[in-house]
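Both of the next two complexes hold subunit A, though its partner changes from subunit B to subunit C.
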Partner chain A sequence: MTKRAKHIKTVEDLHQYLKDAMKIEHATLPPYLTALYSLKPGSNLEAFHMIRAIAVEEMLHLTLVVNVFNAVGGNIEGVLTDSEFVPHYPTYLPTGATDFQVNVEKFSREALETFCNIERSEDMKEESSSDNVSEEEPSQPKEFLLPIFGSCADGRKNQPEQKFFSIGQFYQEVIDGFMDLYEQEGQNLFSSDSSKQISREYYYNGAGEIVKVTNLDSALKALYIIQNQGEGSRKGEIYDSEKKLCHYYRFQQLELGRYYVIDESNPINSDQPDNPTGDSFTVDWDAVYPVLENAKLSDYPQGSQLYTHGQEFQKAYSKFLAQIEKSFDGNPKQLIPAVGEMFRLKELANSLIRNPIPGKKGVNGAPIYR
Partner chain B sequence: MDSNTYKLTKEHFLDFSAAVTGFSKFKLQGTGQVSLYFDTIRGVIGDEMFAELLQTFCGDSKNVDKIMASLKLGPIARNIIKLWYIATWEQLPLVWQEKFGATLNDGTFIASPYAYTEGLLWPVIGVNPPAAKAPGYATWSEPPKFYKPKEKKPN
Partner chain C sequence: MSKSQMGVKLVDPETVFNTSYDVVIVGAGIAGAIVAKQLSEQGKTVLILEAGTGEGLTLKGFQGYVETFYSAVNKNPNSPYPYNPNAPSPTDGLYSYFEEKGPLPLSGSYTRVLGGTTMHWEGKTIRMLPEDFKLRTNYGQGLDWPINYEDLQPYYRKAEYEIGVAGDVEQQKELGVTFKKNYVFPMKELPPSYLDKQVRKGLEKQKVSIGEETKELKLSTFPQGRNSEPNPDYTKYNHGYNFVPEGMASVNPVEYGERCQGNANCVPICPVQAKYDARKTLNTIAFPERVHLLPQAVASQVEIDSATGRVVAIHYKRYRDKNSPQHTVGTAKGRLFVLAAGAVENAKLMLASNLPSTSGLMGCNLMDHPFLLAWALMPKVTGTMRGPIVTSGISTFRQGAFRKQQCAFAIDIHNDGWGWSGTGATDVVRDAIDSKHKYGKELHEELKNRISKQLLLAFMCELPADPSNRVSIHPDYKDQLGNYRPVIHFDIPDYCKKTFAYARNLSRTIFKLLGAEDHTHYGKSDPAYFKYQGEDYWFRGGNHFSGTHVMGTNKNNSVVDKNQRSWDYQNLYLLGAGSMPSIGAGNTTLSIAALAFLASKQMFKDLN
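== the complex of A and B ==
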């Protein structure tokens, strides 16, 4: 039987890819959240709601990946608390070519362009693997690289860098790997213990239904949700399978200052890519706090309130990752108080962004994620 | 500092606010409302009276008692505290208006809808403004988490 997946051959490979997926989903959050909180209160409500909704979907994606990972016997202990789980910014992020990097910075045209790059997909003419898209799309100038964040200890140091054109392609490999492994192992691929699954009693954020993963159907459902919400249907349309505007075009709305129109009852009548026809709105690029780009704790004067609070945020963020890791590791009830802590993190993030850095004229602080 | 050189600026207003609210400048700036409140107060009492208040304060917390006791400046200072705590400017008492001149724009109003959610009241009592700022699902079943300002060292 011909294998669909290019790289995933064993369950261990699958585990590694799923760990990478968690890293990918999480890595978009410091950039999106910092840009979100840099908007001055009451301004740019369109940008505020759009970015917030996307960030919340990434959080759903992270949780869906965890459910898939736990369902196939993955061990999450040490994954979110790994010292390299949060990237060093600026960083090359998934879907990005190595010709741009992702920063933790204020909302701006540049940030928006980066966000579009993160979410950009190669349109697929049909479901397929990653090898022949460049021939189908000769107008694409560069191959997009997705360096896999494997650590040497995972035994991948001898493997060549695995390349994907987009996050969607990465998930396609995961889906292909899943199907191949299921053909080999059948239901044995799945753990019989579903007590680690995060279900809707413990998780709600309005981005979509959390999926309890116990078999191939539910695993694929979870993975398709992630693939779709980010990229869309990958057939040249602006919307995903739920007829919701996918991330790339939502960010593009902000660049163009215009809403896309989706006709949910007759999707064929929806707008075409790059041509929104909905209401216009104005983005006030100046109503933004002048946040220091890629701020580190060492950028803040020792002993200053900013330093103390920056340190407090960084510790609280690490603690938060540890708390959700614990809840993912068989303690789903603990997700609820952990998420409560997350809301308090938001207050601290806001206060950092609204405060100037002593000694640096015209520059404000930022949350310190690592 | 010579009170004549203690000008009407946002920075000085922030210093005064920290002295009378019990919150640090960091926390006050963290609300994102400094500019709004500064402009609101100017709009009601005018630059001259606002400058007089700040000059009396002159960056020294020892002057706060004097301000609070002043028939003219006391009500303004108390209004500033309320503005910070509940984002509401309360119309100055009739007695004050008769003595010191009714101001043009006085009335009772909330500075802005968003300012209300950043009122200092909320961290002091350990809750979020109901329906205006999500606290996180089921966190209402937990005990409130109070903001405790650091103990002020005596000068």
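== the complex of A and C ==
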């Protein structure tokens, strides 16, 4: 039997890749949320709504990954609450791509460029294979995937280090590995306990479908949604399988100041990549709070209000991750109050973002995620 | 290559002049939007004339409304919408748009902007009760409908889909509403607020008598046009698909359906657009090239060809600047004409065109739901000011044999405190700071004790049709464009006042059961003040104006037929609550929407 996957050989490998997937999906949240909160109220409505919608979809992706992970017998306990779950920013993406770093920063042209990089598809680069990437940049730090959960020791340390140019490529490996393992294991791959699955009633935002994962079909569906919403289903198209604009092109609209047009009744007639033809709008790059890039608690003077707020945010964010981990671990009902906590996070973020840092002229506070 | 987005196409008067449409609609509210969507999907071309400005279709325009609302000192149903002297709304501006002739004022309002009064509605989506359709036959009051509940039921379902209704069918069944077997609403009910739960606890199993009957003071949640959680069981009513709530209404779709966050200012505007408004219907029209929309065009006359007895055109006045009366005049031509401008504006336009109808009932039978308010302070903090304006209420008084003697009513439990009574949270803050000079912890305590315990009960009373309650016109009363302002004659009969007195006593009983401190007081200086059996009262207008072009069984007892088609002019439809012969104790929007679906079907037949 020919194997599809290059690296995933065992169910343990699959678990590890899915944990990495959670880390990848989550790693986009701090930069997206910080950019979102940095917009001054009432300004840049287009940016506000686009970034917000994408952040919500990243949370959907995280939940979908968890559903797949739980379905194949993964143990979620300690994954989101691991001290290394939240990356140290600036960070390379946990896909291992090393040609750009992600900062937690205010909404700006640079931030937007990073966002496009995060959501890019392999079609956007000629040399798309991971081998090429590593050949081009041999001196870059190597492994970002494996050490995440201190898992080097458990059986993967002898494997070659992997890099993926795009998140989509990373998920292709997951899908391939999944198919291989299903051929070996059949339905045994899936745990019989579906009580940990987050279903539609617990997860609501309208941002696409939550999928209960119980078999191969539903697992693949969940993974395809993640893959597609970011970068699109097919080469040369701007929309995903639900005929919605992919994240990459949504961000690109902000760079170009113009909306893409999708013809939902006949998607082939939709705009071509890089050539939006819809209404234009103005992005006001100055209507943004000047928040500190990659802020750490030590950036705020001890004893200052900002320091206290920074600490409160940090605690609230850890609590939020702990709450959703708990809800993913067989307590789906707790997801609703956990999401409600995000209102508090937003309030706390505002108390940081809207206030200057004592002693640092023209620089405001920023939320601290770890 | 044809590229399209969803929505409508904004056009100029020249395009309108050079086009003959299948359908010309006056008014871009919920009824007009539904007809435009339905008929365009079946290949028909549509023009919508909208008196208000059209900026609400864009993200920026809508946000502008939100900001206007935030900065308004006086938060009323129309405060997000800048005053427009060319298309005034009642209660706006310095002078009154309504010319109220009494004896009591109609009060209340509607909104003349794109989206119509759904731009300020609260969002309750109540089906009428089967017995409401036969008010005359059953109770000897008002008028009967020419159709019954079962005739309208399938269209209620369509309306519930279009609006995106959240609610619990089982609770509605207990109130006497009937449903198709296994039917559920597209979304689950909005959860009851903490305040609701406290009231529920206090009233548990309590009963009161009305007439010969005994009623339980049982709370139920209201169905609402507001995003909650999609109900997985709804898929069988949605071709096997999950229901996907509509989100931000914007010409450029940027956001999926957001869920109600309990901002508690549903009236007038939901900042996250979790509440339905007619822009959501307009922005989801699949064939924008078939639906033209001309904003800032105030219809001024319906032109009839006396030889054929058919409508040939609608004349309108187009303004550029809402503050200047300068305008051009234009004509819209088509095969079929639909007035969907609201009960008062529809009748006014017909009367201004000298078309009082064969029955002479144009403008007559004006109805509304007058509200009696009663307010108190709960013994403990109940978290008032959280949640959508109303989540639960007592709807057991919507039906019963007592309706022979006194009108039906429904009770809302307000999550937004006493604001509607005239002494809102702002007044408490002003008093605490300016008069009592409180600050810090003391101020916090003061506000907690005086705001977070507020309970306001709103008793929504039925008002049966009476021809002497009416909209008329008079050359002395015109707006700056030279269009008529509505002249209103309005009174409330003893049939309703009896229920007011009953409701006031009931509120005392309820407050006692809850241990709440009654603060209700009806000042004599209120314009809607009246005395009944020695006691003082005033009421608030319900904004549910209806009955002005009532439907019936023939041209002598009504203005329109059961399809809302004019008896006199075969290519003219008058849509909206104006067609309703009775309104029970149920908010009217869902019925307006259902009736629009029903009428669209007949219009399609007419056009072929």
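The rule is simple: the second predicted complex is superposed on the first by the 334 of 370 C-alpha atoms of A that agree within 3 Å, B and C clash if a C-alpha of one lies under 4 Å from a C-alpha of the other, contacts with A are read in each partner's own complex, and residues count from 1 in each chain.
Assume a residue touches a chain if its C-beta (ideal position, glycine included) is under 8 Å from a C-beta of that chain, and two chains touch if they have at least 3 such contacts.
Remember, it's a predicted structure, so these values are computed and weren't measured experimentally.
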- Query: Superposed on subunit A, are subunit B and subunit C clashing or fitting side by side?
  - Reply: clash
- Message: With both complexes superposed on chain A, which partner does A:42 reach: first (subunit B), second (subunit C), both or neither?
- Response: both
- Message: After the superposition on A, what does A:195 contact: first (subunit B), second (subunit C), both or neither?
- Response: neither
- Message: Contacts for A:305 in the overlay, against subunit B (first) and subunit C (second): which applies, first, second, both or neither?
- Response: first
- Could you figure out whether subunit B or subunit C reaches more residues of subunit A? C
- Message: Once chain A of both complexes is superposed, is A:264 in touch with subunit B (first), subunit C (second), both, or neither?
- Response: second
- Task: Mind working out whether A:209 is in touch with subunit B, subunit C, both or neither, as first, second, both or neither?
- Result: second
- For A:2, decide between first (touching subunit B), second (touching subunit C), both and neither. neither
- Should A:350 be classified as contacting the first partner (subunit B), the second (subunit C), both, or neither? first
- Message: Quick one: is A:280 in contact with subunit B, with subunit C, with both, or with neither? Answer first, second, both or neither.
- Response: neither
- Query: Between subunit B and subunit C, which residues of subunit A are contacted by each of them?
  - Reply: 42, 204, 343
- Where on subunit A is subunit C touching in the complex? 42, 45-46, 49-50, 52-53, 56, 199-201, 204-209, 259, 261-266, 269-271, 277-279, 343
- Given the complex, residues on subunit A that touch subunit B span 40-42, 204, 305-306, 309, 336-337, 339-344, 347, 350-352, 354-356
- In the complex, the residues of subunit C that touch subunit A are 1-6, 59-60, 63, 67, 188, 227, 229-230, 232, 242, 244-245, 247-248, 251-252, 254-259, 261, 286
- Which residues of subunit B touch subunit A in their complex? 24-27, 29-33, 112-114, 118, 134-139, 142, 145
